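Got a structure for you, written out below as structure tokens; questions coming shortly.
Each chain gets a letter, A, B, C and D, in the order it is written, and its residues are counted from 1.
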Amino acid sequence: MITTTHYMVLSAGLFTLGLLGVMTRRNIIIILMSIELMLNAVNINFIAFSYQLQNPIGQVFAVFVIVVAAAEAAVGLGIILAFYRNKETINIDEMSLMRW
Amino acid sequence: MVDAVAFYVLAALILGFGALVITAKSTVHSVLFLVADFLCVAALYVTLQAQFLAVIQVMVYAGGIVVLYLFVVMLVNLKRPPEVHSDPRRLGRLGVVMSVAVLVELVAIFALGWSKPEVTGGGGLSPKNVEQLGRLLYQDYLIPFEVASVLLLVAMIGAIVLAKREL
Amino acid sequence: MDLIWLIPLLPALGAAVNGLVGIRFFSKRTAGLVACTLMGAAFALSLWAFWGLLDLPAEGREHTVRVAPWMSSLPLQLSDGAIGTFDIPWGFRLDPLSAMMILVVTGIGFLIHIYSIGYMHGEPRGAYARFFAYLNLFVFFMLMLVLGDNFVVMFVGWEGVGLCSYLLIGYYYTKKSASDAGKKAFIVNRIGDWGFIIGMFLIFTTFGSLDFRTVANAAATMPVETAGFGVVSLITLLLFVGATGKSAQIPLFVWLPDAMEGPTPVSALIHAATMVTAGVYMVGRNAVLFSHAPETMQIVAIVGVATAFLAATIGLVQNDIKRVLAYSTVSQLGFMFIAMGVGAFAAGAFHLMTHAFFKALLFLCSGSVIHAMGGEQDMRRMGGLRKYLPVTFVTMMVGTLAISGIFPLSGFFSKDEILLKAFLSNKIIWGFAVVAALMTAFYMFRLMSMTFFGGYRGPAWETGGAHGHAAAGHGHGGASPAVAGGGHGAKSAVAGGGEGGWHGPHESPKSMTYPLFALALGAMLAGFVGIPAALGGGNAIEHFLEPSFVAHAVVAEHPTALAPSEAKTLSESASVPESKGEASSEGGAHISWLGEIGLMAFSVFIGALGIFVAWRFYVKAPEIADNLARRWAGAHRVLSNKYYVDEIYDATFIAGTMASARGLWTFDARVVDGAVNGTGWLTMISAWFSHLIDKYVVDGTVNLVGAVLEESSFVLRRVQSGLVQNYALFMLFGVFAFVSVYLFMR
Amino acid sequence: MVEAIILPLVKIVIVLVAVLVTVMYIVLLERKVQAWVQVRLGPMRVGPHGILQPLADVLKLFVKEDITPVRADRWVFTAAPIIVLVPALIAFAVIPFGKTLSLFGATMPGYIADVNVGLLYIVSVAGIGIYGIILGGWSSNSKYPLLASLRASAQLISYEIAVTMTLVTVIMLSGTLSMVGIVDAQLAGGWWFGFMQPVAFAIYFIGGLAETNRAPFDLPEAEQELVAGFHTEYSGMRFAFYFLAEYANMIVVSSVATTLFLGGWLAPFPNVSALSFLGLVPGWAWFILKTFLFLYVFLWVRATLPRYRYDQLMRLGWKWLIPLAILNVVVTGLLKVLVK
């Protein structure tokens, strides 16, 4: 029997994967993708609970999460392009101008 | 029985592709794995009676967002691989440790059954999934819906302004 | 009658139009037309209001209109600890007294406006409009004064007329003597206003209100202060100080003669007919208060008679035609105050009205004479003008007979009434008053004879303008009249440029003579409203005016307090006869019909005697006057120098003020500035110390803090590595903390 | 068990085979049509009137050597054709060939699955197809394919918007997303949506041409500019996959058009009793007929119209079709509100 706990564990795992990606990778594109992974983990939770409670509102919020993800991806990639045009790199470690 | 098998298979695929996404050497490969991951998540949605969301997942994520990533990856043709230069002050390992710790804690919480996972009476989710969501979105959640659309518009303009070379 | 608030507003409108627009744009014709039309309208309106008043029953002849609130009501503590509400509305009150006053003001004002059109025609266009603007403004304030239903509104008018008289006296502001006279009038009035204001404060703290009717009713319930000098006496005394200032009584009469620097219509309207009677009016308005303060009444009577006597003596020897009239005005005002002092308020008001008529008439006639003489004011340079100015002569003769109290002209009735009441109350006062009346007749007829009889002593009139100027050199009685004459002569020459300079004494234009006729008619007939009972008349004016002087509303307000108040009024009627008007004049008339007739005959005889003596001295044998002057040279000098009052004031008050000011200045320079400088030094020294403290202690602390921060920052700033992932790591710590909280200590 | 597993499998196999065969013969048909348009004969050698030509082509493609360029990304290079082909084939899962279908005497629903989001399913699956093109062009590590793939993906994404907008209008009319439901709605409404939505139909047709990289929008494989488009480096079986995918996509577009605008399996004038004899012909036959009509128009257009320039293509897509489609949606909504 698959309970909501399973889905939650799954989403926790996926979330942690995204977290690891954010923590370890230096390629900013991949970091953005890891963030997408985390958002998906969130969505899995929403859907799982909407299934458990038999309540579609969870899906509504998942839709909103997807919207935000789309906006975030668009703007983030735009920033990456602009940055790349200036510094010829997408290495996040070279994006450390804001420091003392 | 069947759904259990489906779940475990899909979960394995999702986690596996996720791991591949963050470990793949070439960016394009990780993009591909990301697509695969999203498709598996969509399949998971289908098993959870969220067909509309599954399709949206495929359409928006796989069909839109990730294509965007792919474009960027292609536009950014690097002379040197992005990962060579590493700042000594990065605390990567500590990050890994912390993430794993968080994971352990979460799993502990779930495993200890503190999230009340018993399934309530079914039937709330009708097979006419689309109508349900449509009514919710356009009646109860109209304002958030409009706000979200405004957010999209703003993001679109912002992306254009950022990415365009000369305005 | 609800429209009485319009009566003051019309002249105000005229003033605004003429003052704001007219000075720039109006032609002389337009300006005069505007002013006179509005005045006529005001006059008509007041006539209408007067008839409306007459329709009411005698006791109820009182109408109050509250146009708008002015000072919102705020509670204040009174002297007896009670709480009175201080609220002042723009309230207007029409009762017999104010009705008579507005009739006098608007009527005579109207005539004088018309007169001014002719008299001022020599002025340049702007000044002409300015003159009429001032005149209208004055009428406006005067009406506010007489119509106001509480002290504050009255005070507004009070100050306003003072301002206007200042403006109009200093109308020829290019002439130093004129502007000085204006300042003098203003400052002297300030002293009186000081008394008035203090009186107002005292009234409020005593009665808790400033409304005339309320105050009168409250006062009627208080005991008459026969015994000691109480608060009511103090109030009334202070008010009387104000009255002396405004009405030129001793000791504040010095400004009025100098006020003759103004144009003659101004002298007629302000300094004879209306403004100077404001004090009398104010005393009459507060009749109830005064009748409760016998001491003050005594003071008022004494001051009045003294003023009447002294002014008359001074008037005997003056040579400037307008100054003679000025002093006669002062003495007539003295007569009015005698009436007030002996409690004959009605008689005083009656004399006020008649005096307004004939004194305005006399002034206007003198103005006509001056006009005819091309600005000459010295009577010794006139004479024999009878044949040149017949109209002026006739009208002025009427005025003179009226003021001398010759039966049956208006002066006779009013003055005789006063003398009667004085005789009833105090024989000494009566004696002085009679002598003053005698001298009045004398100097008035002296004026007539010097001006109109005998041979012509004026300058030859081919080069009259030049002589007018030459007269400046050997003018008598101070430089001002001759200079005025010169200036005026020059002006009239400028004005008469059309008919080629001043050629000989000539009758004035119609716009001037018609008002003379009208006023002469008034001077003749005004008396018949007050034919005394002895002559079979009903003394209508007293019956009419009586309600204004009693607190009849008391009956309505506190029936319980009725009996004691009535008792008081009776008991006081002994000490202050006639103060309750009709009732007690019936009950308390201690003189037979025969005696009354005798008094009248005596006063007429007095007037005739004065006239005869003057005729003897100045027409038959002019040398007698010179002999007398030579024999009594000392007295003559004293009189012609007006008892040196101005000089005394200069020596005492003004010099004293100067000296004290200088002393204060020295004190200021030495002590105060010294103190200030000392403080400055102290400040500088302490500042030096505090500077040290600042430098080493405060800055030290600040620098210490900075240094600490800098050192610690060496450690802390590692945190800001600029690496996104480290920041994310911190967030991760936060997440970890929250999850741990949830996990372990749910 | 049989109902749940066997029958769907059987249907899937049938559909796949049918599609592949159809693709083979559409290629032949295209060549013939073009030949006739250009007054030629076309392939005549293999079999009568070259009827066996497709078999020969397939044979050739199978036996050809399969070349992988050096320094190409091997995995992606291999995966790309499959990524292109699979969506094109699985899109058929929701396309209703008929209300019912008699097979081996048994009667069963004429479709593999009737999802309540069928239309969106097709759209999303079509979206997946783009990856194949992009990756193919990118992984072959050569400049012409890269350019072509970028062009192709840009073109596909642009026109997908317009097409989706037209689908939205259809959904507004039918009130459902399921393909069967849409056809039933047309039956109930008594009108084919093609007639109720001529604008949407036109836009869908143009968009379909663009989405399948057909002339006059076949920029991605414009021989004159970039040698052969994104599959320049491909050969043999992988090339065959691309080939198959393109034509399969054509069939998908055509059948979707048939379902949405031409009343699917419905006979013409189903509710006119005089023409009820048309109902004798089975539904799937009508469906195939209409689809082939549409396909023929494709070929015809290719043979007729010259190719667009790329900027013209983009301008058409962004400045005409998308605004027009949005306007169409708005007008449709207004009419729907006002009429009701």
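As a working rule, a contact is a pair of C-beta atoms (placed from the backbone, for glycine too) under 8 Å apart; a residue touches a chain by one contact, two chains touch by 3 or more.
All values derive from a computational prediction rather than experimental measurement.
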Margin query: Counting C-beta pairs in contact, which chain pair has more, B-D or B-C?
Written below: B-D
Next item on the list: Would you kindly tell me how far, in whole Å, the mean C-alpha position of chain D lies from that of chain B?
Entry: 29
Margin query: Centroid of chain B to centroid of chain C, CA atoms only: how many Å?
Written below: 97
Margin query: Averaging over Cα atoms per chain, report the distance between chain A and chain B in Å.
Written below: 6
Check: How many angstrom between the C-alpha centroids of chain D and chain C?
Finding: 111
Check: Out of chain B, which residues touch more than one other chain, so two or more?
Finding: 52, 56, 64, 87, 90, 92, 95, 98-99, 102, 106, 129
Note to self: Where in chain A do residues touch two or more of the other chains?
What the structure shows: 19, 22-23, 93, 96
Check: By residue number and range, which residues of chain D touch two or more other chains?
Finding: none
Checklist line | Those chain pairs that satisfy the touch definition | finding: A-B, A-C, B-C, B-D
Notebook entry, point to check: For chain B, which residues are in contact with chain C within the complex?
Noted result: 87, 89-92, 94-95, 98-99, 101-102, 105-106, 108-109, 114
Margin query: Using the touch definition from the top, list the residues of chain A that touch chain B in their complex.
Written below: 1-10, 12-30, 32-34, 36-37, 40, 43-44, 47-48, 50-57, 59-60, 62-64, 66-75, 77-82, 84-85, 88-91, 93-94, 96
Notebook entry, point to check: What does chain B use to touch chain A in their complex?
Noted result: 3-4, 7, 11, 14-15, 18-19, 21-22, 27, 30-31, 34, 37-38, 41, 44-45, 48-50, 52-53, 56-57, 60-61, 64-65, 68-69, 72-73, 75-76, 78-79, 82-87, 90, 92, 95-96, 98-100, 102-103, 106-107, 110-111, 113, 115, 117-125, 129, 132-133, 136-137, 140-141, 144, 148-149, 151-152, 154-156, 158-163, 165
Margin query: If we count contacts the way the header does, which residues on chain A are in touch with chain C in the complex?
Written below: 19, 22-23, 92-93, 95-100
Checklist line | Residue ranges of chain D in contact with chain B within the complex | finding: 73, 75-76, 79, 115-117, 120-121, 123-125, 127-128, 130-131, 134-135, 138-139, 146, 150, 153, 157, 160, 177
